[in-house]
Amino acid sequence: MPSPMRIRAVLNGETVEVKVLIRHDMETGLRKDTTGKFVPSHFIQKLTIKYEDRMVLDSVMGISVSKDPFLSFKFKGGEKGGKLSVTWVDNIGDTRTDAAIVS
Amino acid sequence: MNQSRRDILRMTSIIGIGLAGSLFGSFNVFGAEWMPKSFEAKSLEDALKEIGVDKYSISTDVSVVSAEIAENGAVVPVSISSVIPKTDYMAILVDKNPSPLSAAFNIPEGTEASITTRVKMGGTSKVYAVVKADGKWFVASKEIKVTLGGCGG
Amino acid sequence: MPLPLSDKGILMKKILIVIMVFAVMTGCATATVETDYGKAMLSLLKSEFTSKGPATVERMLNQDEVQKLCSEYPMVRTEEMVSRIQDSQMKTVKFPADGNYLGDWKKGEIIAQNGRGFQSSDPIGGVNGGNCYACHNITKSEISYGNIGPSLNNYIKLHGANDLVIKYTWAKIYNSQAYTACSSMPRFGHSGILDEQQIKDVMALLLDPASPVNR
Amino acid sequence: MKLFITLIFTIFLIYSNTFAVAGNSSTDEIAKYRELLADGNPAELWEMRGEELWKKKIDPKSVSLEQCDLGKGPGIVKGAYVELPRYFNDVNKVMDLEQRLIYCRKNIQGLSHEQAVKIPYGSVGNPSDIEALVSYITAESKGMKMAVSTKHPLEKEAYEVGKRFFFYRAGSHDFSCATCHSADEKRIRLQELPNLLNKADAQKTYTTWPAYRLSQGEVRTMQHRLSDCLRQQRFPEPIYASETITALIMFLAKNAEGGIFDAPALKR
């Protein structure tokens, strides 16, 4: 089962600064294991971030996003106590959603 | 990439500005489609073509921020940003990687066109920020030297 | 006699040498305690390590005389110790039987870049490297070099290339401690890290006028 | 082509005097690289998982680690790490964090030794519970001063044994820890080497382990760090959580006394 994410959402003036850390191997499919066989690719393909019901970031990713991905950005219109949720889906269909409260 | 996929991506951007919340929120549906052809493109030109970039201009209003030397190619911090009004799409491409397109973002209204993430780099390469604003494409790049390869082994 | 924990300042060194010589002459009162800790360490090493690949427990436990002395006196040594080590190590140096000292600098460069060999993660019987760049600036084009050893760039310009220099360089690579007791540099020939041909190739990297080191 | 090469070398020669400056700017850029990564250390994901594992009741006894005594009393995690390794009365031994965790997993949670030391070093698809627990426990000492004790005779012995091991030269390459870590401002290739006999360096180094290793994509513990040093030192392999390494940790922790603990960190 996918591990929980680490989400930070801090209101600073008018903008909410979001930082997301995700536990994911982001396997490229190009790496060989110790027996010389290619390790099958396993990576996040889609990631969406919503504040309450509003989409604040919508992204697609390839194999060259680093292991344990990190993402940081800012959006306007958030308030303290509001809910920010992050959802990802990877190429084998694993998915996970976590949420954090804006502080 | 076929036309319909590209349209979906474009549509999402538009919807993202307007009514994303109620439409997508309640159904928990992803906005952007994963675009195999863009991600599998083996050269920068092909990747740009697949994303839908026809003409573009190099712009100082777009920036790629990172250190000039990455100690480890497996994890290279990259920030891309644009101060061009109506920026609604941004992508990171690593020229020398086996597949240059790394990640692409639809930027809804209210979200700053500035994103920080981390990418893998197979070796020293230019890293590109490709930005779409008001239907036009803009590009900036920065060379990052890698002292240890981040792909394969 | 506790091991000195600071290497700062020549004065400090001198004082320590004096103390040490004094301690050796009078018989150090704490010597027995010291051996206990040493023994405790050795018994841990014996019980907790296993040989893996080319890195063996035997080679860790069976220190030669030089390793023993350099472990016991890591920072400062008496002049007598220094000359004892250097004399004994000089005798181990084997010069090339055919009188040819210089091989192929291109191969030497590969050896200088290669850091493999004798690690528990390396294969047994694999090709060992010299890992020269780990510690030395060598060719101008390699910017990733260490600074534990002196720069070897422009070797001929700095040292010349006469017979004396050639023999000195050979002996230094073969057994660094022939010139510097307790040097940080491995004894490449003496310890069987590099074979004669490999040392010739590394020699060429330093002493062939055509080598990028000298151009 | 030849002309081109000659030209390049000429340029190199002309600018060789400025190389020192160029070297500094490389170092600056690497420093910048590290700084950019400091925000958002994936080790936080290990800390989260570690906290969960610490509090999770597991078979066979259905007990969590919350009664484990890391030296400051059962269940006290805060500040425990900056006083480790330490002497533990219940075993009449000096233990480092990893040895103590194994002890608690066996004696409190009822795991067998094999279960307790299973996967000390994680890899893709094989996450290590120990690395996660160590991440959590060490993070609970952030901002505190290193303060190991060498008062108990066995603590003193661990320190002294560790010190001797630090200077112990052996193996094919005649290396000891001291070969690379007893002088200021040394490098292997471009990697800076801390002088572990210099207090400032020892503090800076010791207080930034464990660390998320970018090159490995895992959090690595002190036992791992030192075992890997031994590998590069051309020494054979120590068993996991060995007393030899604990002794060495004791020596290094004492040298780092007073340093402000700031890990899990992020390293190359």
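Letters A, B, C and D mark the chains in the order given here, with residues in each chain numbered from 1 onward.
Going forward, a contact is a pair of C-beta atoms (placed from the backbone, for glycine too) under 8 Å apart; a residue touches a chain by one contact, two chains touch by 3 or more.
Every value quoted in this text rests on a predicted model; they were computed, and no experiment measured them.
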Contact tally winner between B-D and A-B is A-B
Using C-alpha atoms only, the most centrally placed chain is D
Chain-centre distance (mean CA atoms) for subunit A and subunit C, in whole Å, is 50
What's the distance between the Cα centroids of subunit B and subunit D, rounded to whole Å?
37
Interchain centroid distance [CA atoms averaged], subunit B/subunit C, Å:
51
Distance between the centres, which are taken as Cα means, of subunit B and subunit A, whole angstrom:
15
Hey, what residues on subunit C touch two or more of the other chains?
144
Note the residues in subunit B that touch 2 or more other chains, in rising order.
74-76, 118, 147
Please output the residue numbers of subunit A that touch at least 2 other chains, ranges allowed.
67, 70, 72
Under the definition above, what is the set of subunit D residues touching subunit C in their complex?
9, 12, 16, 23, 26, 157, 160-161, 163-165, 167-176, 178-180, 182-183, 185-191, 193, 197, 231-232, 234-239, 242-244, 247
In the complex, the residues of subunit A that touch subunit D are 3-6, 19, 21-23, 25, 27, 39, 67-68, 70, 72
State the interface residues of subunit B toward subunit A in the complex, per the touch definition above.
12, 16, 20-22, 24-26, 28, 30-35, 39, 74-76, 94, 97-99, 101-108, 110-112, 114-121, 150-153
Report the residues of subunit C in contact with subunit D in the complex, numbered from low to high.
3, 5-7, 37-38, 40-41, 44-45, 48-52, 54-57, 59-63, 66-67, 70-72, 74-75, 117-121, 133-135, 140, 143-148, 182, 184, 186-187, 191-193, 215
Can you name the residues of subunit D that touch subunit B in the complex?
26, 29-30, 32-34, 36-37, 190, 214-215, 217, 268
